[in-house]
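One chain, chain A, links the two complexes that follow: it is found with chain B in the first and with chain C in the second.
Now for the complex of A and B:
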């Protein structure tokens, strides 16, 4: 029985099936809202809301936070925040159905858990920083941007994947 | 005719309800495709698993073709659809910085949220790092403002910029995606298998 569960947890959708469904979800998003999907925007809203709560004067004065603050709406009352709440629920459901719910750190057995976690934090930091420079991440800029043929979307997409391939050699010991 | 909410066909109050529902579908299909696993994602940079590349390009092509058909059939007014603005400097520099984050952290923001949802501790740490990166950028914004606003070309599409037909462009983009899928299927057979 146990082996049965373990087997199921490694079975994923066919990537082309997953891609077509994801593309249809993105198409539906444009059809309903006139905008695409996103992810880093919700993290940004969280940061803006936290800074606004802890240091409201600083947030109002900042040239960056103030772009995302308005008098009549809370920074968390944002489409992408609701979308990410849904995302967490949807991913949780999928994980539950496939027996993948478990607190664990996934890493290459050749490196320690600590090393994996340090690099996960560093990677998140770089991605967060870069997503602000490019005004969006893999979801908002690359995927949703390229779907509407945005020039910037294509440039960001090529820059993300090109850079990751370019730097992959230097970080190979983390993964293989 | 779409887009439904900007046109007022569905009242604006539904916006957040639709956001949660779309998000659920998005998270469900991403997790089910394997995006909650950093080692599966990173496979595309080392040649042992191209799942993410296949899902990503299939989704892009599907949505791009769908939008052109919807527009052709008069179901959506593309002039009311948000085009991600083109700031050339930011798009390149930001993309390169994100690429470093991708290969060190093993996630992008959307995939890390999927990892968080199923209890991946590395994804939780990644998400904290993500917010730290956003915070530091925001605090240091004045230093990076020129980079952020550099070479703005407007809300322009790649086909407008190069003077191409969007239909032909998407057709050739689809062919390129199929060629990439074929090439990666050859690479994956030649690269040493990684078990995870």
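Now for the complex of A and C:
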């Protein structure tokens, strides 16, 4: 089997088209699972499962962790966990189809990979923390919430993007 | 605190409400045995076809893993025994009608064979390798002169080993999930698929990987076909069998079976392999690893779920 595959690694979807597709996926998610999608929830379930495994007593006592623990179901037995596994699989397929399957860290050429990873880590930490206070991240609260016209969804979305605009100035050296 | 009352008294872990005496050791062994059988089968097959040069990883390098896999598997089996020091009693009898006896003797035969097969390629593996004993040199010479004959023996015993990993379970007539004739071929094909995935992962030769990729796709297809028919067979059976199938069709093993075995362990790696065959660049480790994990999870689920199913309540 011989096929010539041209280099498509720099061709991305039009963001507006991508947005519409994402909306349709969200609609399909509501139809099939009866609830929205999310991303931070899977990370949370992983943390809960790990804490429950390593320090079960602490997990039971903690007001936060105990909310997500039950006797009949493992914390990882959650639709968001499987959704994220599917997301990884889909991203892998998409990367393979467009010839982008390479290990690399995308960053501004003026900064080092290490710097980029450190700041991404710090940002991820704050975002993960914030998403738990807001009861969801861009996908779980903003996207899925706004889709069902939940006021919290809109507030979360404005808070996320508003604070991003506000803080962008201070970290602009990382990108420009 | 939640209070629980047992009116029936039927809650004795590992004994009642269902007997659960096989733990991680058995599925791990079934996985390693199937993997070893898969590698040895294709090493034998391509030797008989005279493709030692084109399929070097299949015929030579991958077989170095087999003794390790078999020995680890045997250690797992030993750990499962209550009276570990009595293991040798399996070798005081040959019982044609007992799958366990077949398995014990096949392992007794195929483990040294796999060691000899790989050891005779030692000089190719490590240039300048010398055996300390003259006897080993002459054994190596004999093996290399009689590769084809050994390949036949190895291929056939690998088939017996592979199919035995399934028949070991299907011989349990008190467990409806296991007690079906498809389990033997299914475990054989699944073991072969994990073997091929391992070789594919090791191989650096593009052509060899392509041939193995096509074989693996075929094996995945057969596996899906057998699984479909196994479930259809259960659904058309008695209520005990329907209940056995229900464990995978809405019961407690539904998610692990469909997500990790069928989708991530078979269909998804098959799609990636098709992409690779059509010229897309994909790291082969990904489908190989997924197939291996899928095969392992499949055996864990089958052993675990099988012990829950029964005829009498």
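Keep this in mind: the second predicted complex is superposed on the first by the 169 of 176 C-alpha atoms of A that agree within 3 Å, B and C clash if a C-alpha of one lies under 4 Å from a C-alpha of the other, contacts with A are read in each partner's own complex, and residues count from 1 in each chain.
In this text, a contact is a pair of C-beta atoms (placed from the backbone, for glycine too) under 8 Å apart; a residue touches a chain by one contact, two chains touch by 3 or more.
Because the structure is predicted, anything quoted here is derived from the model rather than measured.
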**OP:** Look at A:93 in the shared chain and tell me whether it touches chain B only, chain C only, both, or neither; answer first, second, both or neither.
**Re:** both
Original post:
Touch check for A:105: first (chain B), second (chain C), both, or neither?
Top reply: first
**OP:** With the two complexes superposed on chain A, say which partner A:85 touches: chain B (first), chain C (second), both, or neither.
**Re:** both
Original post:
Who touches more of chain A, chain B or chain C?
Top reply: B
**OP:** For A:55, select first, second, both or neither according to whether it touches chain B, chain C, the two together, or no partner.
**Re:** neither
Original post:
Who does A:39 touch here: chain B (first), chain C (second), both, or neither?
Top reply: first
**OP:** For A:134, select first, second, both or neither according to whether it touches chain B, chain C, the two together, or no partner.
**Re:** first
Original post:
On chain A, what residues does chain B touch that chain C touches as well?
Top reply: 77, 82, 85, 89, 92-93, 101
Original post:
Hey, which residues of chain B end up touching chain A in the complex?
Top reply: 2-6, 10, 15-16, 18-34, 36-40, 42, 45-46, 48, 50-51, 54-64, 66-67, 70, 75-76, 78, 80-88, 90-114, 116-123, 125-139, 141-142, 144-145, 147-148, 153, 155-161, 166, 169-170, 194, 196
**OP:** Can you check the complex and tell me which residues of chain C touch chain A?
**Re:** 2, 255, 259, 264, 268, 271-272, 275, 277-283, 286
Subject >> Residues of chain A that touch chain C when the two form their complex >> reply: 1-5, 71, 77, 82, 85, 89, 92-93, 96-97, 99, 101
Original post:
Of all residues in chain A, which touch chain B in the complex?
Top reply: 12-13, 15-16, 18-37, 39-40, 43-44, 46-48, 51, 62-65, 77, 79-80, 82-95, 98, 100-108, 116-117, 119-168, 171-172, 174-176
